[in-house]
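In what follows, chain A forms one complex with chain B and a second complex with chain C.
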Partner chain A sequence: MTDDTRDHEGFWHRGKVTRRSVIGYGVSAGALGAAMLVPAPWQAAFGQAKPYKIGSLQPLSGAGAAGGKTALVGLQMAVDRINKAGGINGRPVEIVVADDESKPDVGRRKTEKLLVEDKVDAHVGGFLSNICLACMPVFEENKVVNMISVCLDTTLTTTKCNKYSFRVHDYAPSQAVAFAPELVKMGKKWHIAYADYSWGQSTKDAYADEIKKAGGEIVGTTGIPLGTADMTSFLSKISGNFDGLFGIFFGKDGVTIGNQAFDLGLTKKYKWAGDGAIAESTNLPALGSKIDGFIGINRYIPVLDPPFNTPSHKKFFDDAKARLSKIDSSNPDPDRYVQANYEAMNALKIGMEKSKFRGREDTDKLIGALEGLEMKEGDDFPQGDKTLRKEDHQAFLRQVIAEVRGGKYKVLKVIDKDKTVFPPACKFT
Partner chain B sequence: MASVLTFFTEFPFELFVIQTLNGIVTGMILALIASGLTLIFGIMDVVNFAHGELFMLGAYMGVIVLSTTGSFWLALILATLIVALFGAAMQIVTLRPLVGRDPLTTILATFGVSLILQNYALWQFGPVARKINEPYTGHFNLFYLEYPWYRLVIAGLSAALIGGFWLFLKHGKFGIWIRATMQDRVMAQAMGIPVPLVHTAAFAIGAGMAAASGVLFGPLVGVNHTMGLDWVLKAFIVVVVGGMGNLGGSIAAAIFISLLESYAAIWVSPAQAVIVSFIVLIFTLLFRPTGLFVPTPK
Partner chain C sequence: MTKRDKIIYWTGFGVIVALLIVAPLVLPPYWSRFVTEILIWGLLAMSSDVLIGYTGMVSFGHSAFFGLGMYGAAAALLMVSPPNLILALAFGLIGAAAVSAFVAYFSTRLRDIYFAITTLIFSQIFYVIIFTWTEVTGGENGLSFRRPAFGIPGIWTTPFTAETLHWFVLALVVGSYLLLRRIMHSPFGMVLQSIRENEPRTRAIGYPVERYKIVAVMLSGLFAGLAGVLYAVQNRFAAPDFVFFLISGEAVIFNVMGGIGTLVGPIVGAATFLLLREGLGRLFGEQFPYLIPLGFIFIAIIIFLPQGLLGFMRRWLNK
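Presenting the complex of A and B:
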């Protein structure tokens, strides 16, 4: 007879019931009961089928947390929809979320944990470009597919590309190809103000090249460090004879430049254009009327006008809005971070189905299925058609040029995905 | 001689004037934040890592009051009072039990509070940044720029709040208690000053000043859960350069560092200009660790 058995007998027969033993047994019984009574969300529909584990690195605390929160809404939407429709290859999908705390070193450590300890089958996520860059080699070392869902740094699919990483959304060179001719029609001479870190720098280079190719001129650039609360002393230097000010900022820096450039009269004196991230739907309430007249390029804006007047987009929009209202009482519209995470997961689903993916042993087959993947506008891809290029794992998709006025977007021009193509500059090792 | 002449003929006087104004305005906001921080350190020897979050909380309170009442001034007053009360409660619950313990425990406690407040704000208010509308939207022409009157209002109000606080410290009964406690805590207690109450009140005043600066600065940036992070590091630099616990030194250091950064931005890139404050900090720690604006001990 073991000590354990004696203890049990003691509990029932000795009549010595202590408070500690009651609490201990109560907690154990409660935990066992809870485990038996509350199955994992997929168990009712999928029985004993082993779930696919999809890792997702997102900034859920620190400077990027606001964007990370909305990004996760998009991913969860896609996974819920997939599980409701029978999963992937008859197996449910489970997300394993890791918080990178908006720091590259933490992001790398958490990615290693996802791949080595949690043994995820694939990854969908990545928000801040410097974190994506830090984590790229980890996916290569562990031979796991990485669907980049927000990061925009150009080098992710050019000089620092690897065969395990795919970007299912656009990047700066293709946006610059699409937008530069329109910018030059607005004015020949441009000054670029940009967020001085990996994404901002690579995007600035892309626009400078394309504006010059389109016959325009860059008269100056101003790189402002990420998270600068008072940009006024840097913006005050922007002066002289040029036509337009082009901004490359996102998140709270987008709000800061929108407010402070207006306050100094720069957005009245010059044409005011930039990356659509400045006037992302989640930034509009804090920008108010100061962003009126801003013209930006974006793959996604939350409007129901053409080209987003499709039933698929309406369905996506309504579901995203309902979910976002649960995390923000201001009832925000979905932004491109929701859209990109939703579609990256759906692209992975199609790749897994095509390759009959069972687990990491089929990673090469999954890569083969994703390379050159054609994605058709519909419930999986409400933003529109996309092509995932084989040579660099970079997607090409439709772009929208829109003006912001009165807190609303007005679509000025739609640029077809074929007109956003930029030559590949990646060599897989 | 020729190079001196060239310097003066090519000297950007217009930009210099603009940057002087920018430096003073930024300096006054920083001074308001840092004076709360230095008060708390001076009286309690507590490095308050949650100070940035009190700034952020003040801005969110401003958003709530403004959306309810429509009055910016009421938002400024109520947000200051509410966060001051919160600061008092925070001091009683988290810091008072740690009095007399290793200073590291207070650093860990305030750091913990800062993480809780940041994540609470994200959970409570969500990821969408909020707006505080400024009470004045007018501009005046400053050379080639339109300069917003509101920035001058911020500088003026910050100066008024700091001036009022200085008068309170100098002439108010409670202010004298605070100064006495700052000078010698044990002797103050021996003289019958209720030191625990003074600690709580000083923390509440510091929190209120952070909240007021959050409401004042909110219209320029939008209100979000990480807005305090952008200021608190610089406020710590200011407190060290000004002399830990030295209120006048912190105000002088805030304006000095902000002016230096603004002037640096004339000739170097923004990324290099923001390094200036760190250079000043390093030189201060190397050559005058008691602070640049502290009288030399005789």
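Presenting the complex of A and C:
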């Protein structure tokens, strides 16, 4: 019998409650309780200053749970750093987390709770686009600033934009503007394979338009339903005389297309490029060498080569990696979800400082401070410079085009933020 | 029901309705909205009780009826400016009725697990159509729209407040309950219960069982569609997630928790489930997997209260 087994027996089966066990468990529980009651170090530093409450809606259970937990790491990193440096306007920052369970109805209800009951001063979060869209009117109704930190859907800052919501990361049209000229240099004729749902469809349209504008041609498109485990029947129909295959997928669909396009010889026959989400760092182990030669565009990849060879990025990278290893035993590198949440919180901090934000009564001033905000590369924004456009609250930022080989990224080209600009299509009501 | 029973029943009914009427006046805004939402989910669960509890058919297609009610309302609210409540109700109910007639025609030829699986497949077909037909349905992102005003357009309208919306939802849910109760106590309802108890014998007596089942599915679908319309009006968005079969699964859970064959039990089940989910989230914190203890509580209810929370009142409520 091992010690482990004895412990379990002692706890569960023996049925004896001895004075020693009571004292033992009592001391443990007391220590745990005391640890919970002892204020965090920053609380002593701030004295009685009322903390800013920042709400964060994230999927901590359900389909998006893995990404939501990662995203929260980025937000927590930013808040810890802010509090360590004296808070915002001399006040500490407190995060109020809500789990949307990856469901829009729950997300909507939890957003109401954050805004109506918890009375948060502002919000940083939102992971799944459909939940972001479902919750947008709640921020408008309650007049609270919403810093969208992961949601990618184009319409968030176009047809469904509202004056209270800001997106501090990129969207498909700006990536298409940045990538299309490079794609046309690789080959004139392209076939696009995409995840057949709203994000995939709108991204496909954006790339088709920009490739045509850059002098290229789209010879065909193939929509593949989201979550298709066997894409062979779709991919086997992709043939003919064209130069490159462009993929628009993410998550496990990215792994599926990467592996199956290779198995069918498509990646040898044609140039192979696409949205960087296909070869996100979390997908690389499952793709192995089959993704070698893939060229993708992304705002952030976890490398320490130029343009990410800055001390501020190294600091961000090391801190994020240490924190991620505590929630994921595979010790992953930080991804764009960590980066986007970290930077969205820092953008909010700058806006709050600029507007001397006291609480919700200063929401309009905060909006004014965030509109047109120029963010400079540094400890707050390790990804690079950014501009938060006034007209639609959409950020424009540097993009990197990188090739994957041997499980590593090789940066091929850096596209400056000014070359990613796409005209605004938003009317605030 | 004896005269004494009637007095007890209607007094209890009156007290509960009165409490629900004053709820938005005394509860904080978040909890007031929460109660409204419970009523909507309760209506969905009650609609599925018509099939599960009274006809003995477990349906996993209610998400389709609920979703089509929601998308029907969304279509009306997006097509007409200013948004029109009556049109939203009409479109939603027509959408749900059409889908339930279609599903009923094919699925009622089957029984037991085959019926359940067929309804589930139908709901998934509608889910895939809505999920991928982005130009019309908004795809994964769904549709957002403005809330219509209360009243009759052209004659008198007033914007909904949190209180009036709650009372509007309450009126429709109470009306639906009374109507369904009347139907379930009518000869038609008795035939449905006879089908539940012994389908071959009901057929042998001479009742066209399939026709009764079709009407039961349509009736149930219509009220599920009404719940979908109310959800759309309350939340101002429609999303494909509501057509996904998990919503049907939740309706079944509400029934089992509250007590099938009682109509009011599923509303209690919905309230219990949603309040437990909310309470456990607050108790353990959002970063704790609080759905796990919720699962254990559900299993405990199944083991110790197999008839559901109101199961002990089933016979009395159906007198």
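Convention: the second predicted complex is superposed on the first by the 389 of 429 C-alpha atoms of A that agree within 3 Å, B and C clash if a C-alpha of one lies under 4 Å from a C-alpha of the other, contacts with A are read in each partner's own complex, and residues count from 1 in each chain.
The working rule: contacts are C-beta pairs under 8 Å (C-beta built on N, C-alpha and C of every residue); 3 or more make two chains touch, one makes a residue touch a chain.
Note that the structure is predicted; figures quoted are calculated from it, not measured.
Novice: Using the superposition on chain A described above, determine whether A:D196 touches chain B (first), chain C (second), both, or neither.
Specialist: both
Novice: First (chain B), second (chain C), both or neither: which does A:R109 touch?
Specialist: Only chain C is touched by A:R109; chain B is not.
Novice: Quick check on the superposed pair: does A:S61 touch chain B, chain C, both, or neither? Answer first, second, both or neither.
Specialist: So A:S61 meets both chain B and chain C here.
Novice: Let me test your reading of the model: by the given contact rule, A:T222 touches which partner, first (chain B), second (chain C), both or neither?
Specialist: first
Novice: On chain A, which partner's contacts cover more residues, chain B's or chain C's?
Specialist: Between chain B and chain C, B touches the greater number of residues in chain A.
Novice: For A:S329 in the superposed arrangement: first (chain B), second (chain C), both or neither?
Specialist: After superposing on A, A:S329 lies in contact with chain B but is clear of chain C.
Novice: I'd like to know which partner A:G276 touches here: chain B for first, chain C for second, both or neither.
Specialist: neither
Novice: State whether A:P137 touches chain B only (first), chain C only (second), both chains, or neither.
Specialist: second
Novice: Once the shared chain is lined up, is A:G74 touching chain B (first), chain C (second), both, or neither of them?
Specialist: In the superposed model, A:G74 contacts neither chain B nor chain C.
Novice: Kindly list the residues of chain A that each of chain B and chain C touches, one partner per complex.
Specialist: Of chain A, residues 61, 196, 223, 225 contact chain B in one complex and chain C in the other.
Novice: Could you pull out which chain A residues touch chain B in their complex?
Specialist: 61-63, 65-67, 69-70, 196, 222-225, 227-230, 232-234, 236-237, 239, 252, 255-256, 259-260, 263-266, 268-269, 282-283, 285-288, 327-330, 332
Novice: Spell out the part of chain B that touches chain A in their complex, as residue ranges.
Specialist: Against chain A, the touching part of chain B is residues 15, 18-19, 22-23, 25-26, 29, 115, 118-119, 122, 125-131, 133, 139, 144-148, 150-151, 217, 219-227, 229-231, 261-262, 265-266, 269-271, 273-274.
Novice: Where on chain C is chain A touching in the complex?
Specialist: So the residues of chain C in touch with chain A come to 28-30, 33-34, 37, 128, 131-132, 134, 138-142, 144, 231, 235-237, 239-242, 281, 285-287, 289-291.
Novice: What residues on chain A touch chain C, complex-wise?
Specialist: Against chain C, chain A makes touches at 60-61, 72, 97-99, 101, 103-105, 108-109, 112-113, 116-117, 129-130, 133-134, 136-137, 153, 155, 160, 196-199, 201, 223, 225-226.
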